[in-house]
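The following pair of complexes shares a single chain, chain A, combined with chain B in the former and chain C in the latter.
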Partner chain A sequence: MKNKGFRVIFCSIVYIFLFLPISVIVVNSFNATTTKPYMSWKGFTLDWYVKLWDNSSLLEAFSNTMIIAIVSTVLATVIGTLGAIGMYRYKFKGKGLIDGLLYIPVVIPEIVLGISLLTIFANVNIPRGMLTLILAHVTFCIPFVIFNVRARLSGYDNSIEEASLDLGANRVRTFFEVTLPILAPGIFGGALLAFTLSIDDVIISYFVYGQTKTYPLKVMESVKSGVSPDVNALSTIILIATILFVVLTQGSLFKKKDRRI
Partner chain B sequence: MGKIVEIEGVNKIYGSNKVVRDLNLTVDEGEFLTLLGSSGCGKTTTLRMIAGFEEPTTGTIKVEGEKVEDKEPFERNVNTVFQSYALFPHMTIFNNIAYGLRMKKVPKDEIKERVLKMMELVQLGGFEKRYPSQLSGGQRQRVAIARALINKPKVLLLDEPLGALDLKLRKQMQLELKRLQKKLNITFIYVTHDQEEALTMSDRIAVMHDGVIDQLATPSEIYEHPKTRFVATFIGETNIYDGCITRIKDGVATITLENGEVSVKCPEDFKLLEYATISVRPEKMKFSKEKVDGFGLVAQVKDYVYVGSVLKCIVILPNGNELRIERLAGQELPEIGSKCYPYWNVEDAVLIHNESHYIFEALNSIQLA
Partner chain C sequence: MAGKSKHEFRANTLPAIITVGPVALIMLLLVAAPLMYVGVMSFCSIDEYYNVTHDLTLGNYVRLANTDYLKIYVQSLLIAFITTILCILIGYPFSYIIARSKSRFKRIFYMLVIIPFWTNSLIRIYGWRSFLGTNGWLNSSLVSLGIVSEPIDFLYKNGTTILGMVYCLIPFMILPLYTAIEKLDGTLLEASADLGAKPVSTFFTVILPLTSSGIFSGSLMVFIPCLGYFFVADILGGGNSDVIGNLIERQFQSGNNWPLGAALSIILIIVTLVLVKAYQKLGGDMDALGV
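Coming up: the complex of A and B.
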């Protein structure tokens, strides 16, 4: 192969481009420097990880983010899955319109969605805080769950459910034995997407957070004076947790036997 | 033999589309009954009403003497083999077949024993741990059949189960299905659009046409004594003539056609001056170089086609209609282009009451006569 060298170089550049920023965060979380903007290397330390435990406002923001992400993922996944199944199974007037409307929360600028949510919450007098954050996150996560589940449904043969009924399972049993397991990869993918979107949402959250700061909002606030190394430390922990999660699910879920419909 | 399925006066209407019309059908215990008809004639709909996936618009369906219209599919002692197989993609073959027993809460040991036995019966031994996507079409078909049969249903409904298989496999599966049905003594209601399949497998055939059963009879009765023009043309090859009964004498009717007179044995329910259709199978048709008594047709030999042991002759009538005549190969034949006189033994032709939409052709023949 003549241009093998070129390929290796090209590939390296792409990967450096992708991973250099991430590695800067990881490296800086172990950087002993104490002077702003915390960039020059002053030796290895674990101080920032220790400090992190004392930075109660950052930890609180992080726990807020996790609570919001988990609750809104569960809600959006349940609503989105049922919605996708309902819209797949039943034919009704105006179905095309409702299908099309689903794309709107996805394509409109987040800032518009943020403003409109804020207007609604103000008008119906819901105090801004955890509740409004969760409602907002559920709102923008639902379409993504529906899209994911619907993609799975498009190759789905209705007679599989009929076969289950035919073999003596009632409708509830059929849902849990057949419908749900077959849709599981789509539901899981949708939930993962919703979780990710919720964790790092800034713009919409900014409009509705009230006193409940989320982790991204807290970080945004603190970067005005350079990213403080304890933020780097928490980001590194999140990064490692994410990598672990991906490795585990890749191993158990995606590598399973071919089970196409 | 007891009656296992009784369908009485069933209609199924979607909007303004009458898909099944005034259906009456009784199926005996242990019978192999085939619903035969072209695509869209309402076969699947009929089957789905028996299984419980569709509700009849009017009429009643009884299984084992009990009305089932209000019963859910999972409450009926009937199982279905779907055209698309509808196997559970997320379950192994073992679990697919065990599904019905598991829903009935049969003890685990018994499930295992019965599933393995069933897998032997349909020649799937050793495939327990595979998934449906890892099987060939024929094997999936067997899983679908085993999954339904293991519940020992009173009636098994099969919707074109061999439709997706290639010809050779289809022929083999036809025999296997028939063998299974005899061995397990389960009533089969079998849907197909393949008339050959219906003729080889069935105890009785119900020929469906536009949502109506045209004829319900044994394969040989259907083939030899079709009751309607549709049945005559749909099953096997045949020659059709429309005309008017102009004379009946000694049980033989003379029918006047556009192209001349012919003679047919006349059943008692046919009257003088009635419009009627004649169906004659190619193997019953003959032709001669001289005029035959009672037959006034004159034709021209158009072509000969060798099909193995028989020879298909195509002759053409003056009005352009083609007739198919089968002869054993090796006989002396008139040359292509020469004149010939088609005829048949009067008892070899079938007389069919004319349906209104063909009367125009019959009228035509009268004016010419």
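Coming up: the complex of A and C.
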């Protein structure tokens, strides 16, 4: 590890490995080819960025993904935050059971969660679609929110809340003005993780989508015949938006909470 | 007494129900119940129209002992094992260099690991296929440079599936390792060197034991998903290097034998439980997995 040259070369190779397939996607989004499987280079064009707006099924899939991600993130964050606080503070029967169940979506292979949700939805006749997708996403996002909030709670000083109550604030006001601001970084980190997991999910969605296709499922469908360059164009736009988001939030969020995918 | 229990209800039971109720409901109805149902279904049969019937049988498990299935289990475990080893061999030195770096760009180095994973994983795997395919970038460069005369078929081998798995899962190794290495106290390394230890023995007696928690949690979070990532084996392995996930996916989609798919899932659950137990035996912290 002493040798600087070795360190630079080794890390460069790893970064090339990490960014190689992404550069393929970005370059192919400017590829003028119109024949499947859209791989050989036929010159530079911006056409795919224009054609993208005519591909209504792709845009619909993308908007489904965003709706599901936003709704699931909000639900998982609210339910998870309340749950983390309740499990930290109160004693009740079955606490150990709930605690144990929370680890399941984290460690179990996603495919097992996907097929188990499929069988139960089929058994109770819930039609597969937006509702089942949101239920599934909320389920696998909640534990990540809880673990993040819990990490924040472990250093939490209960006496601050007692002080607030002693000074005449009621429970609701204490919750919103004292508890919530202290937990905010954990809640925000959990929500961000939930959102990322939701927009990228393929495996679990694959078993519960019915007719409501998400963007990853749309990509999956086109993988067999060759992903068309307008999909690459949309992916490039998402990538740039993500990098902008990272750069803009870099100062506040990523200083404290940086161990997130 | 009545007054006291009423107080107890308002002070403890009611807030507990309000706060924990929704989580408990979701975990019981959408995690515990479905998994138990999969367990029951693994003993069910199907009729001639592929409907699940409740004639209980051990037949699904007997079918799983078939050599064709056993071959894929072994292959799947082998792919997961090699993927994990490669993730450690690449991830450990990489995390070490980044975490111990004194550069002011350290944060950027770290973010550069995460950014690729904000692009959809399927499309990134497809990017590899475009790169490695017979008319892909790699082959066009090799041919035009005259290194080979005919394009080489890189795809649809165990090696390409492993490449895809390493690519998808390596952040789960790098992130816990980075955390563990960054916590490492530099003075311990100096002390070890002052006391005459060579760099190699400092590594094995000081650095490695102190960062083993990162290796254990990283390995768990790489090995287990690897058994289920059917889409990687599909896109890059083309059916030649299936994992257990492919077997399950087939039974729930085209094969339409849900009880057999359920039995396959139970096997995967058992493998997961064994690995998690081993992780706990090694002193692994469960809370380190979800953050």
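Just so it is clear, the second predicted complex is superposed on the first by the 247 of 261 C-alpha atoms of A that agree within 3 Å, B and C clash if a C-alpha of one lies under 4 Å from a C-alpha of the other, contacts with A are read in each partner's own complex, and residues count from 1 in each chain.
As a convention for this text, a residue touches a chain if its C-beta (ideal position, glycine included) is under 8 Å from a C-beta of that chain, and two chains touch if they have at least 3 such contacts.
No experiment lies behind these values; they were computed from the predicted model shown.
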Partner chain in contact with A:Asp47 - chain B first, chain C second, else both or neither: neither
Chain A residues touched by each partner, larger count belonging to chain B or chain C: C
Contacts of A:Phe144 with chain B and chain C, given as first, second, both or neither: second
Contacts of A:Glu60 with chain B and chain C, given as first, second, both or neither: neither
Those residues of chain A which chain B touches in one complex and chain C touches in the other: 258-261
Chain B-facing residues of chain A, complex: 157, 159-160, 162-170, 173, 177-178, 181-182, 257-261
Sites on chain A touched by chain C in the complex: 1-2, 7, 10-11, 14-15, 17-25, 28, 37, 39-41, 79-80, 82-83, 85-87, 89-92, 94-95, 98, 101-113, 115-120, 123, 135-136, 138-139, 142-144, 146-148, 150-151, 196, 199-200, 202-203, 206-207, 215-216, 219-220, 223, 227, 231-232, 235, 238-239, 242-243, 246, 250, 254, 258-261
Complex interface listing, chain B residues touching chain A: 51-53, 72-74, 78-80, 82, 84, 86-90, 99-100, 103-104, 131, 133-134, 147-148, 151
In the complex, chain C residues that touch chain A: 12-13, 15-16, 18-20, 22-24, 26-28, 30-35, 37-38, 41, 90, 93-94, 96-98, 100, 107, 109-128, 130-131, 133, 135-137, 140, 167, 170-172, 175, 178-179, 199, 220, 224-225, 227-231, 234-235, 245, 248-249, 252, 258, 261-262, 265, 268-269, 272, 276, 286-287, 289-291
